[in-house]
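Quick notes on the structure that follows.
Per-chain numbering from 1; labels A, B and C assigned in written order.
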């Protein structure tokens, strides 16, 4: 499989995963099916790919220009509507799909930034932004405190790690379809372990003598 | 009247309508006159036209480059300040102006996207985004759950319908100033009927046996 | 010192000031150190410079393209984490740093817009947007009502004043490094006096017979 095909496939899977997280949040908030489609679009398209493409200033964002990207969004809202993706263990399911999107988008964001010719630091930054942007926009527009700020969990750190690993692989010339899937899988496992074992990072201010 | 003049006129009317909705929300939230101007700008300029122009990647957004667009915004904040647009039946007045903006911007958004050469699906998507973006940004920045997610109403669906009708008319070569006003009027009527008769769309998840 | 060096220096100081305000808000909201870095980035980079650069459509925003801008953000989060910038008089400290950022960014925003060739009205508008954008994005993403809408204070008005003064100085050909610092200092003093003496602007609606 060529790298181009792989990028498209991973982008579509990541879009689907974030779109499911948006549709599930719409269920949780009691929104209707149109709200579900909109929140799925914001999470799957708007927060990640569109922000990335606007930052890269490469013309019309792919999500607007290529109708293909609407399919995973519509599919996500439909599967949630038909309860083929169940919302009865809602929090857990939402977190799982969100983690898939996070893992794929940090890799894709850095890769596309690198292809556009950005310096490595910018590639890491843009990869992480692409990964956390979808979830952040989804939560902000639904009037929730974004998941990225939940101190009971490790969310943005794996995104930065995945973006850094991707950029390093690109710099070393060893990035290919296997590396992309491998890094994404590694980041998913880290996010999963972080949730399971309740890993935490230090608070925003150092408090000697306190144990979290 | 040329199509260019009509587009400008409808854009200014739509900007004014959304700006009034922003200024009225500022009154409802107890903001000051500067906050009213800012929220009127976000609703009238930022959410609709600026997002559309950034997506189309056609240089500096019209709302920033053309000072003319500031006039309807300033006028809206002034009329609300002077109570020439009364806030005593606030919710209803806000909804009416919001509906005018919604109807005009779905037509304008699709038309401008079409002129830029986007494919039809993208034109529908961008028209709907232009229409719902102003209200969404207004509500999010004022820390309210956006109107688009209110399940007791049909809001984004008419925007999509208007964008689709505009794009179809453009594809068929029958789009002109009359068609623009006609589609906008039709969408306004649909939004009005939806509010009056409390139309609803299904919730984000299908629940057999429940009647809404 | 050349104007270019001065612009860069003032941009970095403004970025640092807004980044501190973001990190302090992260402490107040109980976020972790990664959340602090993200909120510092949004306040220091995302809201001001990135929005300005996207509006000006001049390619990849400086904050993404130039890794140098990450240093003041990281420094801000670190100083807040180590309590070298104390959070025990949190509200006051946050307001002070926010005011420094506001003062510098209205000058820088207008200057950069002017250099790009925008008309004077657009320069004022973009300067004020750059100044209030960082704080607005910081507050919206942290799920707070933005400071710009707090009626107990004068926030956006000084930003508009500073942007107008900068644009006037540029039009008159008397803008230089001294003028930049002078205008920023003047705006800071106005914002400080407004806070100290509880200046207010009229509410969004005129109510005869009421005294605020």
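A few comments on the model shown:
By definition in this document, a residue touches a chain if its C-beta (ideal position, glycine included) is under 8 Å from a C-beta of that chain, and two chains touch if they have at least 3 such contacts.
The chain list, named the UniProt way, goes like this: A, B, C = Membrane protein YeiH.
Quick caveat: nothing in here was measured; it's all calculated off a predicted structure.
The touch graph of the protein chains shown is complete. Chain copies subunit A (Membrane protein YeiH) and subunit C (Membrane protein YeiH) are related through a rotation whose angle, from the C-alpha fit, is 120° to the nearest 5. Centre to centre, using the average C-alpha position, subunit B (Membrane protein YeiH) and subunit C (Membrane protein YeiH) are separated by 29 Å. Counting only residues that touch two or more partner chains, subunit A (Membrane protein YeiH) has 54, 57, 140, 143.
By the touch criterion stated above, subunit B (Membrane protein YeiH) contacts subunit A (Membrane protein YeiH) in their complex at residues 54-57, 116, 118-119, 121-122, 125-126, 132, 136, 140, 143-146, 148-149, 151, 154-157, 200-206. Interface residues of subunit C (Membrane protein YeiH) facing subunit A (Membrane protein YeiH) in the complex, by the touch rule stated above, are 23, 26-27, 29-39, 50, 54, 57-61, 64-65, 67, 70, 77, 80-83, 87, 140-143.
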